[in-house]
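In what follows, chain A forms one complex with chain B and a second complex with chain C.
Moving on to the complex of A and B:
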């Protein structure tokens, strides 16, 4: 009996993996049939998925809600751009330098916050404060361009993370988004991931079970920070311009976390679904309705989602799925021990 | 939450989605038909400005001025070389962000815009011009003052307005002519983002040429609720003139605080000042606004056409034509001239015609509009305005002046 169940599980996993691969393949082939307007939307979507997924590792999986991911995003963007414009170092390398800087910053913030037991809203506020500090610093520090920001010289050498065709940027960000989604998926069933979920669900209990919550929280923050910084480099290279507001502004932090929240915090597919839903909504409302109304409609849709789907779209789907299973089980006569209820993951 | 409430709101959201889809359907259709007979009937011009968010007021004003210019052109028979084709403005809203600006460039070009204009903020304009360049679509900047927007070798970007360096240079040049021996020192107070810092950097570097000595440079955040400490710094340096660059709220606060603290200076001069050229400023400060000067763009008061345009604008949109919006109007007229000369809606031909621009029929206090290699208007320049008896008047240079400059200002 148990064997058939694991077999069924395995089969299910293969099917879902195949589905994901197919979706990825479709996404990769899409640019062949669409024009540059939709291509741009695809880039924005994939970029949204990537950043939301970064946020998801720290705030979804480990439950350390960050309201200041712009800190890491901006550090990544600034580091690689400065290395590129001032030292001529290719952003392919610079992005990892940026990642390292951001990860160190993450460790620093995490160390301070966790050492002094900052939790929940207070932790979120602390992250916000760091982003603001960096914004003001960047604004007043001449060496990094001050208020002028950094204008990245245009070029089309792939070796410099600059491509002749927009579609190349799409492939870069698509691969990044796919890899990180896979990473989050893998993390979910790994020991580290389970520790993180345990910490999120009940830190004291996790500690009591011997999980070093301080250490694992720091690991989550630094992984998330590192990856977010890579997204920052992508932004700088794609738009070729960077200023303190674009790198460290509150709007950046909000845009990073919205897809994850709409899609479903702490789930593998939440950020993906969130970005896939949000980008078209933002576009449709802006393109079709007059400017003021579009914002109202966009806002309304988000409010409706938050009121009715507190666990996001994926949360809703899971609920429906579970109900169906329970319903099925009730109707079948065979009563087995109910399987272990799957957690948020 | 009751079940009924849930049900109702579910239907409301369904309706919302429905309207969205419905709008989708209706929008699609004219696009198709537009493709078939687009040559003679309609030429689409995209305008990308912040229409929502904290910059919406100015963004809308520029957009409205463009619309007014197009209406005038259409009423006068449209573009004659294209069989009387009408100009049609299509709106893009960049919400002040570069990402949105890029998306809007893409969308408007897809909807058939052959020329784009925008974007009011420099950061959005950086991104928008770059995207337009990729799509080989001519882009005429309405307002965006960062000089390096056009320092990237773009072929499709053009700018009518004076950039920040030109303003600052105008200031230095005018001061060279105006400074009298008893005016020796200056202080500058500027907001600390791109806008204010650019000017301050230039002034700091070049003020020596005017014979003035910079005795204080005081940056402040345009968000700060109070500028007393900054004004005290200025007062301690005892400058003869105070130079201010910033936005409406903070520069108004600066003058208010200055008057409250009874700090006496011989002149207050703004550079592209967000407050000193705004009619609201005079309403708010009354007598305290008197004699304040600003090196800024403005309409040409000596041109009889200006008054006509301003009246029309006031009538149609219910607010005075701001100096930003003047450029919306001028760009609109310029586009008509360019299309007339291009005789085509082909974007290459339009670009060609733009490079050969020699357009004098505008309402700016400048000579004809001509573009250099980089796409900058070679004759772009600011003028000095001064508030006299509750009115903002052009006072310098002489050929455009409607009143005499009072400098230094009389001490009350």
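Moving on to the complex of A and C:
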């Protein structure tokens, strides 16, 4: 019995992996059949998936609700861009330097916040404050471009993270999004991931079971910060421009976390589904309506989803799925029971 | 830098701090009763500013009279928002509550953008132009009036909360939702009223700064973050603390603006914020909740 169950599980895993790979293949082939407008939409969507997954590691898995992911995003973008424009260092290397800076900042914020046991709203507001501090600092520091920001000189050398064709950016961000989704999937069943979930669900209980919550929360924050910074570098290279508001603004933090919450916090597919649903809606309505009305529609969608699907879109699907399984089991049990007469007397 | 410049900065800071306090009083009231951090608070304040702007521009109504209109309008908006959007998610996870208020903010701001364009608008009230000279310090009339009105409004609010049946019901609901329900307080109704009062505070503050500030759909952001800082400083949920917190932040801001170049004054405020969060998350005077 146990063997068949593991076998069934294995089979299910193979099927879902194959489905994911097929979807990825389809996503990779899509640029062949669409024009540049939709290619841009694809890039923004994949980029949304990537960043939402980064947030998901810290806030979904580990439950440390960040409202200031712009901190890490901006540090990554600024570090790699400054190294590129001032020292000529290729962003391929610079992005990891940015990741390191962001991870250090994450450790610093995390150390302070967890040391003083900030939780919930207070933790969220503290992360928001750090992003604001960095924004004002970048705004007033002439070395990093001040309010003018940084203009990255155009080029088309792939060695400099600059590509001759837009579609190449798409492949880069698609690979990043696929890798991080795989990482979150792996993390979910790893020891570290289980520790993080335990901390999220009940920190005292996790501590009592011997999980060093301080240590694992810090690990989650620094991984999330590092990866978010890589997304920042991608942004800077793709748009070739960066300023304090675009890097550290509150809107950045909001845009990072929204797809994850709408899709389903703490699930592997939530950020993917969230970004797949939200980004096209936002972009297409912006094309059809004036920008004000499209933002009203966006806000209304957020409100409706939060009220009617409190566990996000994936949460709803999981619930429906589970209910179906329970229903199935119940009927089979009744059918197999010996002595139960079927119909009539 | 001379002494009179410092005195001037102190006066300006205190006067502006009063308004910050009023915005934060609304925020802290909403948090105290519902444990919701209201990101739409700045947008509500923006609506109050537009009420005064249009009342003055179209009908020529004295800004200090239109406060009443703005209080009533925002109370209604707040009550409706609570009843239809916040009530269903009172027990939802925090990130959901936060994103919901963010969604409301997006809708309100962009509604204002569509209706009234992104232009920066201000009003010019002639009898407020002349400052009052007090020794070497110039008292800016609209700022002084804003301060006086803030004190009056918070005094009324304090009376309502402490001495009336409604106020006691609000306090009960904020201390123990279930318990209040058990002893016959209609908590759902009280939540609506509390959110309405909170929104009305934001609206009144908006009306009060209209004579010496500008309004645009996104203006709320400036005050929203200040209001968070002030509310935390005073202790989230602590009513009097919010007012004192407002004065402290106003003072800090104007003095650091005097001493630091550019917009670095904002950084001082945020650093203070982080410091308070870490060392005393319950606020300077306690009474706030530490478990968010």
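Quick note on the criterion: the second predicted complex is superposed on the first by the 329 of 345 C-alpha atoms of A that agree within 3 Å, B and C clash if a C-alpha of one lies under 4 Å from a C-alpha of the other, contacts with A are read in each partner's own complex, and residues count from 1 in each chain.
The working rule: a contact is a pair of C-beta atoms (placed from the backbone, for glycine too) under 8 Å apart; a residue touches a chain by one contact, two chains touch by 3 or more.
Just so you know, these numbers come straight off a predicted model, no measurement behind them.
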{"item": "Which superposed partner A:250 touches (first chain B, second chain C, both, neither)", "value": "second"}
{"item": "Chain B versus chain C as contact partner of A:283, first or second or both or neither", "value": "first"}
{"item": "Partner chain(s) touched by A:140 [first = chain B, second = chain C, both, neither]", "value": "both"}
{"item": "Which superposed partner A:132 touches (first chain B, second chain C, both, neither)", "value": "second"}
{"item": "Chain B versus chain C as contact partner of A:300, first or second or both or neither", "value": "both"}
{"item": "Touching partner for A:37 - first (chain B), second (chain C), both, neither", "value": "first"}
{"item": "Which superposed partner A:85 touches (first chain B, second chain C, both, neither)", "value": "neither"}
{"item": "Touching partner for A:124 - first (chain B), second (chain C), both, neither", "value": "second"}
{"item": "Overlap of chain C and chain B interfaces on chain A (superposed complexes)", "value": "139-140, 290, 292, 295, 300, 307"}
{"item": "Contact set on chain B toward chain A in their complex", "value": "6, 9-10, 13, 16, 20, 23-24, 27, 51-52, 56, 91, 93, 97-100, 102-104, 106-107, 109-110, 123, 126-127, 130, 134-135, 146, 148, 152-153, 192-198, 219"}
{"item": "Of all residues in chain C, those that touch chain A in their complex", "value": "35, 37, 85, 88-89, 92-96, 98-100, 102-107, 109-111, 113-114, 221, 225, 228-229, 232, 236, 261-264, 266-267, 270-271, 273-274, 277-279, 281, 290-292"}
{"item": "Parts of chain A lying in touch with chain B, wherever the complex brings them together", "value": "35-37, 40-41, 44, 139-140, 146-149, 151, 153-154, 166, 239-241, 243, 245-246, 251, 283-292, 294-295, 297, 300-301, 304, 307-308"}
{"item": "In the complex, chain A residues that touch chain C", "value": "59, 65, 67, 112-113, 116, 118-126, 128-130, 132-133, 136-137, 139-140, 250, 254, 257-258, 261-262, 265, 290, 292-293, 295-296, 298-300, 302-303, 306-307, 310"}
